[in-house]
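Next come two complexes built around chain A: one with chain B, the other with chain C.
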Partner chain A sequence: MTTPLLERISIWQLFVLVFLFQVGSAIVVGAGAADAKQDLWIAELMGCSIGLVLVLIYVYILRLKPGSSLYDILSVTFGRWLATLFAVLYILYFFYIAGRVLRDFTELLIIDVLPETPLEIVTLLFILTVIYMVYMGMEVLGRMSETFVPYFITFVLLITLFLIAGQDIKLENLLPVLGDGWDPVMKVVFPELITFPYGETVVLMVIMAHTTHPGYMPLTALLATILSGAVLSYHSGLMVAVLGGDMVARSTFPLLSVVREISIANFIERLDALVVFIMMVGIFVKVSLFFYGGLKGLEFLTRIPYRHFVLPCGLMVGFLSIIIAGNFAEHIEEGVEIVPVFLHVPFQIIIPVLMLAVLLIQRWRQRRVKRHGFRRTLQKWK
Partner chain B sequence: MDSGERYRSGSDRPLTGSLEECRREFNELFGETKDLRLEELQIGQKQAMLCYLLTITDAQLLTQRVLQPIGQLPSDQSVAGTDELEMLCARMLGGSAHIIIQTNQDAVQKMLEGYSVIFIEGVGAAVAVFTEGGGQRGIQEPTTQTIVKGPKDGFVEDLRTNLSLLRKRIRNHKLRIETFTIGTDTGTNVCLVYMKSIANEGIVDEARKRLSDIHTNAIFETGNIEEFIADKTLTPFPTVYSTERPDAVSAHLVSGKAAILVDGTPFAITLPTVFNDFMVAPEDYYQSFLMGSFLRFIRYLSFMFALMLPSLYVSVITYHHELIPTPLLISVIAQREGVPFPAVVEAFLMEVTFEILREAGVRMPRAVGGTISIVGGLVIGQAAVEAGIISNTMVIVVALTAISSFVAPYYIFSISSRLLRFGLIVLGGVFGLYGVFLGLMVMVGHLCSLRSFGVPYLAPIAPFILKDQKDIFFRLPVWASKLRPQMLKPAGAVKQQESESPSPPPMYPSEGKSKRKGDPS
Partner chain C sequence: MSVVTGMAIDAGEIKKYKLTVEVINSPELNQKKGGTAAPAIVYWREGDTIAELAQKMNTGMTRELIFSHMRLLVISLDVAREGLFDFFDYMERSREVRNDFEIVLARKSSAADVLQITYPVQKVPSMKLNTQMQTLKEEWGGDPDIRLEDMVISLMSPGREPIMSIVRIRGSSEQGKSTGNMEKVSPDAFVFVDGLGVFREDKYVGSLPVEDIPYVLLADNKLKQTVISAACKEGVKEKFTVDLKETGAKIKMSVKNDIPQIELSVEVEGQLDGTECPDDLSKKNIYQSYESRIETVLAQRLKSVIERVQSKYGSDIFGFGEEMNRQHHSYFKKVKGRWNVLFSKAAVSVKVNAKLRRAGLVTNTFKAVQKKEG
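Our next item is the complex of A and B:
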């Protein structure tokens, strides 16, 4: 048994990680398009503002117990046995979601870029890279995302530029605004758009506690969330403006369909293959963070440095991502119908809110003890 | 330095003053070696013995510094004890470097360093005078890092000359030089140079520690040291910067780095080193900052080319045809029509051929150098295409890659792209762009995990340091960069306090500001 190494990331790295994490798979998958159609951007904005509240809860919990991560706080709030149970559940949840995000991407890759390659090979290659990176540790992952984020942002901006240059944007596609009223919008906002991706930020509670300037952590996380909300909302608007609401609703990967529209001087065209790989950075960060979150949980339970688990658990996550669904339709069905309600809501909303409540009660009690003196409190209770 | 202890030979007993004993001990230690000189002398009324190694002694210096002063001594000069010897030396040898030594061991050590040692009968000490000589090359223009504008001198094989080149550039009392003797067989002098109160103390301590921890038999080049002190050796990227340009070393020293110089090689290494150092040429600072910035951009671009171009070509041609505009695709495929190999084999063949050509070009005697270009350029390039083995596009790709790999201002750095290129070609051939991009991610991850003396290798890009960005992808004018690189955590951070653009004040100064001299009205 050795004491686990404490790794710290800088505030800027945290910002980049949160941003890439939230934008990562959400920008590719285009969740909620089926119902919200041309009002998807409104739904995204609402999802972001409610998601912001969730992120606020997470950072507030972390501020109440400075320096301790999700698992430490679980044990402080729920006691040893319940905390162990919750920790095990969280670990399974994180690994499962890591597998899901991975599957999102491998399906995309097989449909769009490498149609002849088996899913297993693509998955194995990706998870091996994730294993390598997570083995290197959080600091390395932070630095890596720092290195890649300029490319990511450049491409996100370039897409707009090319679309404008090719005169593909038709703003009238966005009309009528709220043509079917608020109902379809509200339907996708909860639970789908709140939990994915904002609620998923719960896994970042594992790393957010260890930053170089803990004081700036809450602000950073919130700003990053606002930025990713803006980017997501902007891009769903863009997709609708280019393709029209119906096309977006029917397309599996609307962003790729949009990029396929780009054609400038018959020279810059079919950029979708490139965009897939730029988006890969976001997916990569997301899978790695979920994977890391689960591993840290194992470290918390066993007191063995997480690096011992990286290879076996990584291969397990890869395997999981292959067997969770027989085909892509099943995968998406699960992602829309089952996972948000039965997994996301309890792990992202119910348990954190419970944690917050317990922590607030604990603090209230402590303050009372401090104010009235220990003896008087005791007398009162008797 | 104490690290030299174990290389010393000879007894560490204090000298007894018996010439016979000395002579016996030297003969035993050095054996029958031709260049050992043990010469009898007369100092005053005492018998004395002058010992030196002929091969590393400058005869003129020996005459000037030792023989002439001894000859001028009065014949009744008496040297009885150590104190008297010291006084005599101060009078006789004042001004020339000399050391009083107490043990035989020191005497041997000093002789090996090029000193001449004088023993006097009945005195329990000896005096060593610095008379090093022997063959050395004159200061010439560096051959590995040539520049158009800027200083043309380069380091030579002689350590003292190299140190003098640094001292002459940095006339500052803060410049510190520490000596280590490394190598049980070679006893090579190694110098650690740094600027006190500019360089980070922790880094200097670490360098000192790593240098004293080296246990090896021979050091011939900084490369030998490099592998001992590098944070990680299993990497294609160099984690220390080695150069033969004194101006580059001086610039690194004043920016807060330390340098290591080794006797016997014209290459010095500076540390800590980050990735960006290899994209910087000294000339960037000697010409307009616009040009310097542009060249930085070209260098990063060509590093990318050298690393990825063949693998991108292979993967696009094999898997992602849609990325190429149709007319271009048709012409490329048409050229490939008669080629019997898949693109990945083709790329491999050409790259290996090129590596063979390059290696042959480097190792071959200059006189036959011309043959390479004829055989390589004409026969392998053109004939291979005409014979239908290789496509034209492939030749273009390989040529562009090759030229790009020569752009790196630091030749050794291109080994990283040369090695990784092959891996990426395989990945590109097997998994297409997906493989290439995953390979790049692993590479960047590896780069992020590297450290050089505690400084992250990708600093100041990752971790991002805003204050250091003025000299990374572009170079701001010298007056605009007021701080030393923050990633090195220098002890003295400020480079220049009040420096401003020399451009004249605005033509119509606002109220309250003084007008330029000579302005009408």
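Our next item is the complex of A and C:
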């Protein structure tokens, strides 16, 4: 048995990873717009504040067992057999979500910029890059995110700037605020907006413990989540202000539709590539992290370094992303109706909450033993 | 590749649609090498869906057609009367077609003819018309600047009905189609803006004259600038003209006894372009009297345009329903099915606040000086 190399990422890299992970694809696909319409920004804020609780649970679990990752904690809390079962399920879940997320991006590419290219080619090129990077390790992923985040933020800000310059923003589109009450907002907040993207942060439990300054890890993760919530809410409002609630609800990729509106002096226009880049960076981080999370699970189960699995599993994820849905509507329908309820809720909420409960009980018991032990020695001393 | 700059949709004789596309002949547009050949080529074909026809155009044209630089979409009145707007779905869905072309109606000629009238300065017909509409909007507020998304939104929204500019050909459209049209000081044919088409649901129901367009835009708070003339005093023939550089409208909606109340408060600001009256424009009180004249005349015209639309068409082309939805959402939700009926009954009140800021290079008009000396 070879001991796995200990890889560490810096606190700033963790911040960037969490931010890109949460904002990356959520900013483009506009989840929840169909029901919330012009109140989507409120729904995003609600989703973020509840999502923050989830992230808090994840980091608290990690703080209770410093230095260990999701899988280690599973075995500590649930015992060997149950932990193995949960680990297998988590591995399948992570690989499946990696495939789904990849499909989101390849569909965008084919719909908007590469209509003549087969899905298989786009998928293969993307997954080969992911395979290469994950093979090089988590530190490379951290450095890549660090490199791309300035471009990401610049492009996101440029969109706002161009929309202001082109006078495309009509704030009256945001009215009436909560015209139909809280119902349509709450309907999308749970489970759709909490699980996507905040609940998905559960996969970061695999790497979050391995930072250079574990003490700052919880604060970093929470701040990054708050920033993503603000960015997502702001962009939901922006999309509605430009297109109107109904158009956002009907649009396949609302941010793309928004950027297609930009036309300044017949010169700055056709900026679809901006959105494609934004989504590419986000999806790259997301696919890599889910993929890495699954691989680490295999490493945990087999005690073989994960690098042995990278190529075969990567090709499987790519293949999965192609076969999970025969067409785009199937892909979206599954993503909105089935995946959040049957996959996201158990893996992102139920199991972590169980883990936390078990850990707290264990700690309570240990403390009691300690206290009683202390008393006993006290009595002896008397 | 061939770049499509314009599309015209007529009702077909055998099939549902007749689609005409205009493709530019790019060497002709070269400043140095351009000769006297036709700047654009059009080809038409009939079919049942526009999406299918768009792919079929190579039955007559050589290269792959690219629709992403389309500048103009002309729709014939026949198609508009029948409400045959099924093709908007294709345009919204297509990744090539963008939201940046003009949509106009063609009156008294086929839509295809409009795509073929050449013009000396901008040789390609659809590019000429696109620039013309843009300039008209900027200079006088004579074009509602309707784009694909605006059309789709007004077709979807229960609180707004679609409008579209109408263009017409002046002169002989047959002669206008030749390059010879570009060689004359007075071209044989001209495409000009002839009014505003009013729709109810998706069907064309009638039109408003060109003169009303700025007021329609003003009621919707979409007007950039326009020009207004008014008699200097009540009952006087001589008029003065003001260039309204800044315009804005605030709409307040309310409901009284189930009748919607529309309160428009309009703010305009401008400068004097010319006067026919012997008024001393170095005096403050003349400014004030002119301002109050603008206020009365503008309010009158605005009100008359809205009331005409209410009584004649009963179609909320101003988007008052959308405003009602924003301000009284629960009320609008109840009545959105019959909003047009309520709109035609609505009470309209208009308040105008006009500011005349300056009067050009001359203070006192020569007429006033003449009178004093004479």
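By definition in this document, the second predicted complex is superposed on the first by the 372 of 382 C-alpha atoms of A that agree within 3 Å, B and C clash if a C-alpha of one lies under 4 Å from a C-alpha of the other, contacts with A are read in each partner's own complex, and residues count from 1 in each chain.
Just so we're on the same page, a residue touches a chain if its C-beta (ideal position, glycine included) is under 8 Å from a C-beta of that chain, and two chains touch if they have at least 3 such contacts.
Here the structure is a predicted model, which is why all the values come from computation and not from measurement.
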- Query: Since both structures carry chain A, what do chain B and chain C do when superposed there: clash or fit?
  - Reply: fit
- Message: Residues of chain A touched by chain B versus by chain C: which partner has the larger set?
- Response: B
- Message: With both complexes superposed on chain A, which partner does A:E146 reach: first (chain B), second (chain C), both or neither?
- Response: first
- Item | Partner chain(s) touched by A:G326 [first = chain B, second = chain C, both, neither] | neither
- In the superposed arrangement, does A:G179 touch chain B (first), chain C (second), both or neither? second
- Message: For A:S10, using the defined touch cut-off, is the partner it touches chain B, chain C, both, or neither? Pick first, second, both or neither.
- Response: first
- Three-chain overlay: angle at chain A's Cα centre between chain B and chain C, nearest 10 degrees, stands at 100
- Which partner does A:T129 contact after superposing on A: first (chain B), second (chain C), both, neither? first
- Figure out whether A:E269 sits in contact with chain B (first) or chain C (second), or with both, or with neither. both
- Note on the structure: In whole Å, chain B and chain C in the superposition are separated at their closest C-alpha atoms by 7
- Which chain A residues come up in both lists, the one for chain B and the one for chain C? 269-270
- Query: For chain A, which residues count as touching chain B in their complex?
  - Reply: 10, 12-13, 109, 113-114, 117, 121-122, 125-126, 129, 132-133, 136-137, 139-144, 146-148, 266-267, 269-271, 273-274, 277, 280-281, 284
- Sort out for me which residues of chain C touch chain A in the complex. 68, 95, 98-100, 149, 152-153, 156-157, 325-327, 329-330, 333
- Residue set of chain B touching chain A in the complex reads 319-320, 322-323, 325-326, 431-435, 437-438, 441-442, 444-445, 447-449, 456, 458, 461-464
- Of all residues in chain A, which touch chain C in the complex? 111-112, 115, 172, 175-176, 179-180, 243-244, 246-247, 260-261, 263, 269-270
